[in-house]
Amino acid sequence: MGFFLETLFGGLMAGMLYSLVALGFVLIYKASGVFNFAQGAMVLFAALAMARFAEWFPKWFGFESLLLANLLAFVAAMAMMVVLAWAIERFCLSKLVNQEGITLLMATLGIAYFLDGFGQTLFGSDIYSINVGMPKDPAFVMESMFEGGVMISKEDLVAAAVSALLVIVLALFFQKTKTGRALRAVADDHQAAQSIGIPLNRIWVIVWSVAGFAALIAGIIWGSKLGVQFTLSLVALKALPVVILGGLTSVPGAIIGGLIIGVGEKLSEIYIGPMLGGGIEIWFAYVLALGFLLLRPQGLFGEKIIDRV
Amino acid sequence: MKFKPLALAATLVTLGAASFATPAMAQEQYIPLLSYRTGAYAPNGIPWANGKQDYLKYVNANGGVNGVKIAYEECETGYATDKGVECYERLKGRGASSFDPQSTGITFALTDKAPIDKIPLITLGYGLAASQDGGVFKWNFPLMGSYWTAADILIQHLGEKEGGLDKLKGKKIALVYHDSPFGKEPIPLLQKRAEMHGFQLNLLPVTAPGVEQKATWLQVRRDRPDYVLLWGWGVMNSTALKEAVATGFPREKMYGV
Amino acid sequence: MLYRENGQFKTSYAADQQIFPILQDRWALGLLLLVAFVVMPLVGSEYFFRAILIPFLILALAALGLNILVGYCGQISLGTGAFMAVGAYAAYNFMVRIDGMPLIVAMLLGGLCATVIGVLFGIPSLRIKGLYLAVATLAAQFFTDWAFLRIGWFTNNSTSGSVSVANLNVFGIPIESPVSKYLFCLVVVCLFALMAKNLTRSAIGRQWMAIRDMDVAAAVIGIRPVYAKLTAFAVSSFIVGVAGVLWAFVYLGAWEPAAFSIDRSFQLLFMVIIGGLGSISGAFLGAAFMVLLPVVLDQLPHWLGIPISTATVSHLVHMIFGALIVFFLIVEPHGLAKLWSVGKQKMRLWPFPH
Amino acid sequence: MNTSTTNAPLAPESNILLNVNGIEVIYNHVVLVLKGVSLQVPEGRIVAILGGNGAGKTTTLRAISNLLKGERGEVTKGMIEYRGERVEALSPSDLVRRGVVQVMEGRHCFAHLTIEENLLAGAYTRSDKGEISANLDKVYTYFPRLKTRRSSQAAYTSGGEQQMCAIGRALMSNPNMVLLDEPSMGLAPQIVEEVFEIVKDLNAKEKVSFLLAEQNTMVALRYADFGYIVENGRIVMEGAAQELASNEDVKEFYLGLSGEGRKSFREVKHYRRRKRWLS
């Protein structure tokens, strides 16, 4: 039982991180109807920038404070993400207005390739570490109930809290503000939004910057857990089943979906995996999501796909 | 019409190949180096590629091998088999005297081609374990032992530590391995050893590229093995260490290749 | 000027409905086939065959298969690599387990197995649409990756999970030399291209396109979405499966599941989109673009004699590649084939602009 | 650039709000759709562009509101002036700020937003909270139906309600001039009348000028002050609405009324100029 709980918690925490990446997908999809495959590359790019700047700034400017280095690196990395958002809008999206979803999807794959190459050219392709002072050691709770207690990683707890906060802020932003409403309008119909005077380019820069921010947070958390390296861009693949499970357009969906996938894959790996030879978590998440989709084609929380002929 | 760009490129490629095919002169041996400085395995690939080049430079600086200098050229594979095959095809025409594919997967793909082209495949501490027997793959030359050697050394070391191989009886050893041909190579040997010495072998695969190990280490924590053999590559190793710390598994009981 | 069809009259329906109604197109195609079948084997170098032409042909075939699904029927799939893998491993098993199994039969059987799996994973398409479906097909990708790695039976219990084939022959002719491999692929690709072209011109092809353009409206006029979608999945994965067999047997010779990873799926989807959705020649153009570009970019510094580390080159190739993809999408979202046909249209009207 | 003399039959005292002069539009660098269209909209009037499918009505509106870019089209010749200012280079959003807003053909409501959210989204260019809520009230008084459906998702409302929502949404930006594309499309005759009544009302009470593109010539001419007939990318006829409605050719071809009963299609007149070869 104690072990089950541990697995459950482990899954929840992993799921929280998937949610963070999934959030980036949802944001961009909601506001521009683009299924952004570059989200993983953005996470990698942001994390690389963060890790390397934190390493370089103290050398360049000759100070030693870790806090200051991290702060400056965070600001610099965020600035890069905004510039990136602007560049993507300027050189790519603005020229692809009104194209079909699949064309936009391909364009983001192109962007992903570009970012992978660009990030590694700038920052190198070795493993780098991000140290933002997250606690590394495990904590044990409920020791009275189970032998050896239930182990929870403190790092995961911090990560979960940060993600939860981010999600609440974003949900409010979308539902309550004028810009949020404009973002949703743009997602529904580019042209109509344009016709009533919503400037597409500005909206897109905003939303890609916000997604860049989500990517940066995700990158920092993953990076400080596991180190920053090229493979970080593959976490996007882990987030995909989350997005389809939760629904492409739902911020809470990304969170709940992440948790379900996280828990589902860890439990399946540990309890079903050995029967099948292990390593099943990679496809289990997808099959789980697929199963859900057969019941609800728009995902758990997605907006109903409305077809009027 | 479709072939217009192709034909153009064809001329380009042949031109390129012609002008750069350094003929293997008597005083020079040409060795293509397949390396991977990009992709998921770059953290291992970069130092390896650098090291090899440094060594070749060192050999050349000391007058080469019996006066024969070594010319080398790098080709980036990104650890992908088809890129590796392309590199092989491209570089073999330039008079390659041997190939070091630097990847198990590429070695597999080239094993059938090498005998036809009569180019030795030199695998330094990786590649097909079965090629240890020179009769099986005549053009494969494993140096420095193979994965089997490595696995065996690990078991012997554990035996020593416990005070004799027979002391391994009843112990639990977990193999956390990269789920690919590379990671699976040592399994037959370890299974044999497990039979011989009566220890229990738990196989825990980690899906490539190896960033997702939470479940694996949770299993390690549940099973509490006496030793963990880590058969990882690239980013998998650093992740494994971090996850091990996060689950509180003692580092001195982990052995990596 | 040269490209003008004045004076070419169609005197029968058959003439009006032929695949290439314009005389110049027929000439061009004939010339192309002549070059492919006769000139190339005479002049091509080994590197050119092994590293460029063979992968180009095989990937073009796979892209062709994918284009039927994506371009003609509008069902996005990110699991193409998986269907290739199914074809390859199935054919491998037929070869290993049945003595004297001819290569062609194994190849077609491999394609059939891919068809079955393709239809199986196509079933969700009846309920799920668009991007949701795209991601759902990833399930096929990851599942087959895992299955071929993990289930020993598929790989004939090879300890490492890597399998190889040797001594290929067709009707007793060995397929070993680069030229014979090339010609074999070329024949297969030509046959399948002809088949695909005709399929898309037939009733079933029109059904696919109707479903693609508006499935509800198509259903209303009596097209069964179930039938149309599943046949598209079946035909597509059959072709893709055969391409998988060629990729594994003819190009690689020895392979592991990583040869059919998700990167392959993306690569093929790129080909289809860059080449042109819903066009047969688009598959070839896209494949040519995707195969040649990295090779050329990779060697460019070498030709120019710029000393630059291979890692940087590789990163730069990634960047240029990504940028070019975006560039092409901006220039012509409907792919190279569309660019080509716009060019043709202009040539027909030249020198008058409109 | 004083070509407006060629077609300025309007009373000289009326103040020209929008002046379109000889524009050509090419799609995708290949297809020439508008071949020199000129028209004017005086302040406070309703002007209709009439014509069949593919005549170039929508393209004209989009050229004015600068929504062509998304369709890969561009204005290659001619000029567009709004209150004497050249506006071809402005973004759609700048135009909305200046008071020109388009209601697109086929309504284009934001399907997943509620009616009220749709309306509020229309006020994106306005930042004054009081103004926005006043506008919202105004829209609700003109379109009482919308008020009853304010919290339902736009996709689930009827076609007429969606059209009203689209017009209402445009009004939220407080425009001087509304470009109205095919308001009658897909609506029941009764609803069409209702929509046009409201348009007339808005024109009379709020002094909003309308440029509307319409296939339904009969209704359009009844509510408009002035009309242009477009065929094949050219203006072929223009005049005050009553004049047009009483013109025999217009009656015959666009209104389906003719003095001598039904005619065969062979005798139907087309207002095409002599066809250039290879046009």
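Letters A, B, C and D name the chains as they come in the text, with residue numbers starting at 1 for each one.
The working rule: contacts are C-beta pairs under 8 Å (C-beta built on N, C-alpha and C of every residue); 3 or more make two chains touch, one makes a residue touch a chain.
A quick note: this is a predicted structure, and the numbers were derived from the prediction, not measured.
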(request) Name, by label, each chain that touches both members of the pair chain B and chain C. (result) A
(message) Can you check which chain pair, A-C or A-D, has more C-beta pairs in contact?
(response) A-C
(request) Using mean C-alpha positions as chain centres, tell me how far chain A is from chain B in Å, no decimals. (result) 33
(message) Distance between chain A and chain D based on Cα centroids, please, to the nearest Å.
(response) 44
(message) Could you work out how far the Cα centre of chain B sits from that of chain D, in whole Å?
(response) 69
(message) Can you list every residue of chain C that touches 2 or more other chains, as numbers and ranges?
(response) 146, 149-150, 311, 314-315, 318
(request) Give me the residues of chain A that touch two or more other chains. (result) 120, 125, 277-279, 282
(message) For chain D, give me the residues that contact two or more of the other chains.
(response) none
(message) Building nodes from the protein chains and edges from chain pairs that touch, which of line, ring, star, complete or other describes the result?
(response) other
(request) Let me know each pair of chains that touch one another. (result) A-B, A-C, A-D, B-C, C-D
(request) Enumerate the contact residues on chain A facing chain B in the complex. (result) 3, 6-7, 10-11, 14, 120, 125-127, 136-138, 151, 153, 155, 225-227, 229-232, 234-235, 238, 265-266, 269-270, 273, 277-279, 281-282
(request) Write out the stretch or stretches of chain D touching chain A in their complex. (result) 65, 67, 69-71, 91-93, 95-97, 101-104, 108-113, 117-118, 120-122, 124-125, 153, 155-156, 166, 169-170, 172-173
(request) Would you tell me which residues of chain B are touching chain A in their complex? (result) 37-40, 42-43, 46, 179, 203-207, 209-212, 214-216, 218-219, 221-222, 234-235, 238-239, 242-243, 245-248
(request) Would you tell me which residues of chain A are touching chain D in their complex? (result) 97-98, 178, 181-182, 184-185, 187-199, 249, 303, 306, 308
(request) Can you check the complex and tell me which residues of chain D touch chain C? (result) 26, 28, 30-32, 278-279
